[in-house]
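Chain IDs A, B, C, D and E follow the sequence of writing; residue 1 opens each chain.
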Amino acid sequence: MNELLIIIFAPLLGGVLAWALNVRGIRELLGVAGAAVPLAYLVKLYSELDASGQLSHSIDFAGFTFSFSLTHLTWVFAMIAGVVGLASTIAMVSTSRDGYEWLFALMSLTGAYGVFLSFDLLGFFIFWELMTVGSFMMVLKYSRSAGLKYFVLSVVGAFAMFLAIAKIYALSGSFAFPDVANAVYYAMGRGDLALVFGLFLVAFGVKAGMFPLHVWAPDAYSETNQSYTAMFSGVLSKTGVYGFILIYMLIGYRLMVEFGAFRSAPKFGYIIAFLGGLTIIVGGLLAALQEDIRKLFAYSSISQIGYILVAFGVGTSLSIEAGIYHAISHALFKGLFFLIVATIIYRTGKTTFADMGGLAEKMPFTFAMAFVAILSLAGIPPMAGFVSKWLIFEAVISQNLPILGGMVFFGSAIGFVYLIRFTYAVWFGQRPTDLDDTKDAPLPLAVAMAILAIPNIVFGIAPGLVVKELNKIFGGEIVTSPTLWELNLGFGRYNGLLILVWLIVGLLIAAVIYFLGAPVRKVPVTDTYQSGNPVTMEYNLTIRRNFFLPLKEALAFWLRISFDKLYRDIGAWVEDFAEVMRNYVYNGNVQSYAWYLALILLILAMWGV
Amino acid sequence: MVSLLKRSLAIISILVIGYWLAQGLAGVPFGEDKMLVGHYYLQHVKEQTGAVNAVTAVVVNYRGLDTLGEVTVLFIASTGVAALLWRKKRERTAKVGGSPVLTVGTKFLVPFVMLFGAYIFIHGHLTPGGGFPGGATIATAFLLLYMAFTIYEIPHKAFEKVEGLAGMGYVLVGLIGLAIGGYFLFDWIWQDWQWGVDNIGRLFSGGFIPIIYTIIGIKVGTELSGIVDNMLKEEVRE
Amino acid sequence: MNVPDISIYYFGAIALVLIGLYAALVKKNLLKILIGLSIMETGVNLLLISIGYVSGKSAPILSEGVGPTQAVDPIPQALVLTAIVIGVATTAMALSAVVLIYEKYRTLNVEEIRRLRG
Amino acid sequence: MNGQYASLLIALPLISAFFVPLIKELGRKAVMGYLVMITALQTAIAGWVANEVYSTGKPIIVIAGGWKPPVGINLYIGHFAALFVLIIAVISFFMAIFSFRAVNVEPVDKYAMLFLLLMLGATGMIATGDIFNLFVFMEITAISAYALTAYNKTGEAAEASMKYIVLGGIGSSFFLIGVALIYGATGTLNMAHLAQLAGAIDPTVAQVGLALIIFGLAVEAELFPLNAWAPDAYQAAPHPITVMFSAFVVKAGLYAIGRLLYLFQGAEGWSGLLRLLVILATLTVIVAELSALRQKDAKRMIAYSSIGQVGMIAFALALGTQAGVSAGVFHMVNHAIVKALLFLTVGYVGVALGGTAIENFQGLGKRMPLTALTITIGSLATVGIPLFNIFWSKIRILLAGVEAGYSWSVALILGASVVEAVYYFRLVHTMWFVEGGGRIRENFAIGVIAIFLAALIIVIGVYPNDVWTIVQKAGQDLFNVANYIKNVPLMGVGA
Amino acid sequence: MNVIGLIEYIIVALMVISAILAVEWRDLLAAAVGMAAVSLFASILFFMLQAPDVAMTEAAIGAALSGAIVIFAVKRTQRFETEEEEKPGWWVRW
């Protein structure tokens, strides 16, 4: 079954060819083909997968045996990578100019496919590294500091994972998941188990952007070709999420047995959930305070991942299914958001809120897409975002974990806050004079946005489609869905179609009132927000310029503790220590070098005597 | 002077190292017969190589590759010294020549010293001493000339060619051994042609040892005088 | 800590090696270090020969009087022949490097010859 | 042509080196052409020997002078030696071509002689089967390295050579004391014979002797505190010589450590020495990688990175398991190719733009695209990115490391390779994404060599199976002492 | 303690003393002579250890030539070891 290999390596092949034949027309064609082929194969394999439940293929290469397998779980994640990857590559047709970006974007897509489909730890690690390198080179092109920060953190994560894999390999003698699972269960000591869990937590936490390790995300997401960011935040962060599922699959059972539970959630799960909750809060708050549109969505992407981590942390099969569902919807609406940002930047060249405004008339199609994305992110009923968030709320509350529940609710509230900021500052209000002639999104970007918007709506209205797939992963009727449009959890029901009908009825009534009823007057819109204190230039709180300044001042104390500064200090300290040590050790004086020889002789003598 | 702390630290560390070495050497008692392969050599040196001086036989015949390496090392040294001290135009800067005793003595002595050097390496397989001391004696002869006369210079271009030829000669002897006897550095004169098998202890015996020692003697002589020549010349700044 | 009773030759050889090492560790002048190095090599050669010595036996020249069982071990002597010439070769190389250094740096003090560092 | 003709590997460079003074007058072009021809011939012979060894599977035992091993000296050209003699010959051939362009300091005939004898020394060290012969070949390599380091006759070159001489001299003296002790205890110098007698040696003598031998070789193989001479020597030597240093001179020292370490398995205090070597090797990796962080000169930076990788090889060899040794040998092969490429290209930039300071590398992507591309491939490979060759050997070493129980050192080495990734990507960023000067025409021959090496890196990276099988055989040859003793035709030498 | 043993002790003592002096003397020429003396005594010891070949080689090469080369090197550099006080931080310079 080497279709699996074709799925994995098609993007890389396309990327390399695109880089080699660096001709304007052919390059784009090859790139998009590279992203489309795996998606086509995934769809083709769906029927066989349904029949046999698992398609696996193994090759032995360079002395190791690599095995790949397509199960329901990996099929779902691979489909995310496929859809969002295809949309992002189509969008890149308009935004990327040279073969360099095609090569490394598609290399990271290959890495993502490889991570999802590999069935042994070594293959998993190799594709993980490939993905990191691909995405790193995309960021390095735009800015060195952001690139290096991203690379160092993700390589630290990758090497933590490698150490854990090496420890397991030393124990089990093979990399395949089944052997690993029972080796860890039967043979691993308690200390090693905790170490391996810690290392995996760090490794997947970095890639998913968990709270203490999220510092690379804002710079990396903003300092690269924006249409690639759709894939970057949509697909690559999902590999981190997939990693957490791996933790459950491989060492989860032993961890539960070894460390027991904490208020109905496994202890190790509670750690993940708590960190996920912190991620939601930190991501949300910082997103609200941003002035740059890309940074806002970067932080919001982090906080959405927090939701998934909380869902996984709770540990019941319902919560994990909710987490995966949210992963799907997050990939869709976050991908869509970054494509919208890409279009705005492509057309206006501006990235901060202060220079934007009133683009709704000029870019109607993009605004429609933005409207869909905003509804989905905020979790308004007809959209997929709502369904997944609702499932997570139900899962968390049903396990009566008040703290996590509180964090999740806070997250959706803060989410709403920064969304208002985005909608109003970019789409409505006065348009700066230089943006008068902005045209709507070019065709490739428009197609890409459409690809991501449609499933947002469809999965919102007909969640049964998704739930049917997710149930297959767990083998049981976790979330019963009598008809395509209904979900029934026993203690909560949702009917997508009914709500859509009511929404349309409401809209019609509003439209009638709007057109027939109150005469519409052109109201000069002025941004006034003084509430009594004197209007000074730097305190002029318009929707576009430091709208949340009071919030920032309120949080001033908390904002000082920033992990970003901590990591930068560690980096600077390491470099200073390296310089001092080097000047001490290699000080050029041949006599000191002779003393080193004498020192080694003394060590040999002492140890010998 | 270098501070007391550093000297005392040095002394302590070398004492510790010395103690450790001494402990190691205690396991190899002085004066005891520790030979294993040595006995084989002593028993078989006469009939296998024809040399009376076992050391020479071991140096040239049994462990010939070592000596080949050894000759290369000296060749590298002389080339290296020549490469480092190479200047476009160089001249001897000695201002005062030797005293009359030295100059007359040198004129008289040099041929005899060279003759004695030649004697040493020709009789290498019989009497103690071989290519290296012979060559060194010849080099001291040239050294004497350098000391005595301020303008004397060895013809270093010719000496380099002699070095090259001697080195090639040695390897050719080895290759002939490979061609005839099947092994590199194989003593075909003694083993195949059985020359001088009957008169062990006299000049024409010992296989190819005298030939190789003559080659080594000439090579070492020219190389060491080459080094002395390079050392004694300094750059001429126009 | 029993002081090992080694023969005077071993003691002499080790003493030379250690004095050579001492010179390299303490002396600031480059030439002095090289002299120390040469002394160390002489010491090692002496050690090699004294390991090969068998008391009461004669030189390995198997002329009429000396049979195969009365000779000292020839192998260390063969090795030392090579080692001496290697020692001279290293010393010659080192001295030409020192001459070059003096020409460029105008000093032999080890602490000033430090352009390549860090 | 029976096996004994493999001794041409030693005879050819020697006789051609001695021949150079005779053709000195024909001028620089003739001498350099002669050098290229000789190295090509050596590559052919090495290729023939390697083919012979790998096809028949039996090592070639070259018997010098016709005397069987413990009496005479033998050259043991097994799987490892055949592979590495070929690598030495090929890289010397490439460097001979590179010397055309890179070396224009005057006495070029002397350079050619020293070049050939450096190659001879390294080949001899790897092929020999006798510890004193190993000392002689080590001296040949060392002294020609001293001369070649100081070849540029600048103040720095002489200083670097002086440091190398002082440290190398002390190291080789103690090596000789070790050989003396081992000879005193066993009575023989042949490696196979020693392996048989290793168990019977008196414990303290074995411990002191083995420690001194490994100490002497460690100075040559650049373990942590003893490698202080290496960065200066790499930086000051002419560019082709630096490539030879990092590609095979260090490897010969490492091979010697590996070979002697596993020969003396029977001896006392063996496992203690192994642990000490692992600690030293880990320190080497960490200190070397950290020292390369804020380097102003690219060549010195790559020198530190090469020392770091050599430390990793030493770590692999000192693990004491078959997996570790095979991984170490695989890393030796990969490291030789990658570092040859890096030093070749950086050296060429030094020749073309005058000096290898990092500033010269700004905007290299536009100025010398081919060289910049090959440097990038080399850097990505060194860092250990999946699709390149060092990745495979690095993970094998680290897996073997954790398996052998040194997970702490593996963690530290991983940390060091994060540091390595940082300074290599800084170089890549300076080259591609910073504005630089005008375009410079690139030499064709050096470009072809660079492309060949880069292609080799990617081919091994993408499909490492064949190289891995070859390297596994070489690893067994190094680790499996029993069949080493079986292969060498030892004469029974009674007292 | 027979006579031969006594001579051995004397010569080894002389050798070690001349080695120490060779290292300690400030005048480099004297140091070179000291080194030659060490080599000479070593040659005598070799003779007593029944190794005539090595004794001759050591005498010819060790004493004569390496002594001569060092003297020529002293000629081209400086005669006396320069004396300067110990700067602080003697252990490490950078």
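Here, contacts are C-beta pairs under 8 Å (C-beta built on N, C-alpha and C of every residue); 3 or more make two chains touch, one makes a residue touch a chain.
Predicted model only: the values in this text are computed from it and were never measured.
Steps from chain A to chain D, minimised over paths through touching chains, total 1. Innermost chain of the displayed assembly, by C-alpha centre distance to the whole-protein C-alpha centre, is D. Chain centres here are C-alpha means, and the one lying farthest from chain B is A. The chain with its C-alpha centre at the largest distance from the centre of chain C is A.
Looking at C-E and A-B side by side, the one with more C-beta contacts is C-E. Mean C-alpha position of chain B lies 21 Å from that of chain E. Taking each chain's centre as the mean of its C-alpha atoms, chain C lies 28 Å from chain D.
Centre-to-centre, using mean CA coordinates, chain B is 16 Å away from chain C.
In chain D, 132, 136, 139, 143, 146-147, 150, 153, 158, 162-163, 166, 170, 177, 181, 184, 189, 204, 207-208, 212, 231-232 are the positions where the chain touches two or more neighbouring chains simultaneously.
Touching two or more other chains at once are residues 9, 11, 15, 17, 20-22, 24-25, 27-28, 33-34, 47, 50-53, 59-61, 75-77, 79, 81-82, 84-86, 88-90, 92-93, 95-100, 111, 113-118 of chain C. Taken residue by residue, chain A touches two or more other chains at 582-583, 586-590, 592, 594, 598-599, 601, 604, 608, whereas all remaining positions touch fewer.
Chain D contributes residues 132, 136, 139, 143, 146-147, 150, 153-156, 158-163, 165-166, 168-170, 172-173, 176-177, 179-181, 183-184, 189, 231-232, 235-236 to its touches with chain C in the complex.
Put simply, chain D touches chain B in their complex at residues 2, 4-5, 7, 10-11, 14-15, 17-22, 24, 62-67, 70-73, 75, 106-107, 110-111, 113-114, 117, 120, 124, 128, 130, 132-133, 136-137, 139-140, 143-144, 146-147, 150-151, 153, 158, 177, 181, 184-190, 193, 202, 204-205, 207-209, 212, 493, 495. Of all residues in chain C, those touching chain E in their complex are 8-9, 11-12, 15-16, 19-20, 22-23, 27-29, 31-32, 34-36, 38-39, 42, 45-46, 49-50, 52-53, 57-61, 72, 76-77, 80-81, 84-85, 87-88, 91-92, 95, 98-99, 102, 107-109, 111, 114, 117-118.
Put simply, chain C touches chain B in their complex at residues 1, 3-7, 9-11, 14-15, 17-18, 21-22, 25-28, 47, 50-55, 59-64, 68-69, 71, 73-75, 77-79, 81-82, 84-86, 88-90, 92-93, 95-97, 99-100.
Within the complex formed with chain D, the residues of chain C that make contact are 17, 20-21, 24, 30, 33-34, 37, 40-41, 43-44, 47-48, 51, 75-76, 79, 82-83, 86, 89-90, 93-94, 96-98, 100-101, 104-105, 113-117.
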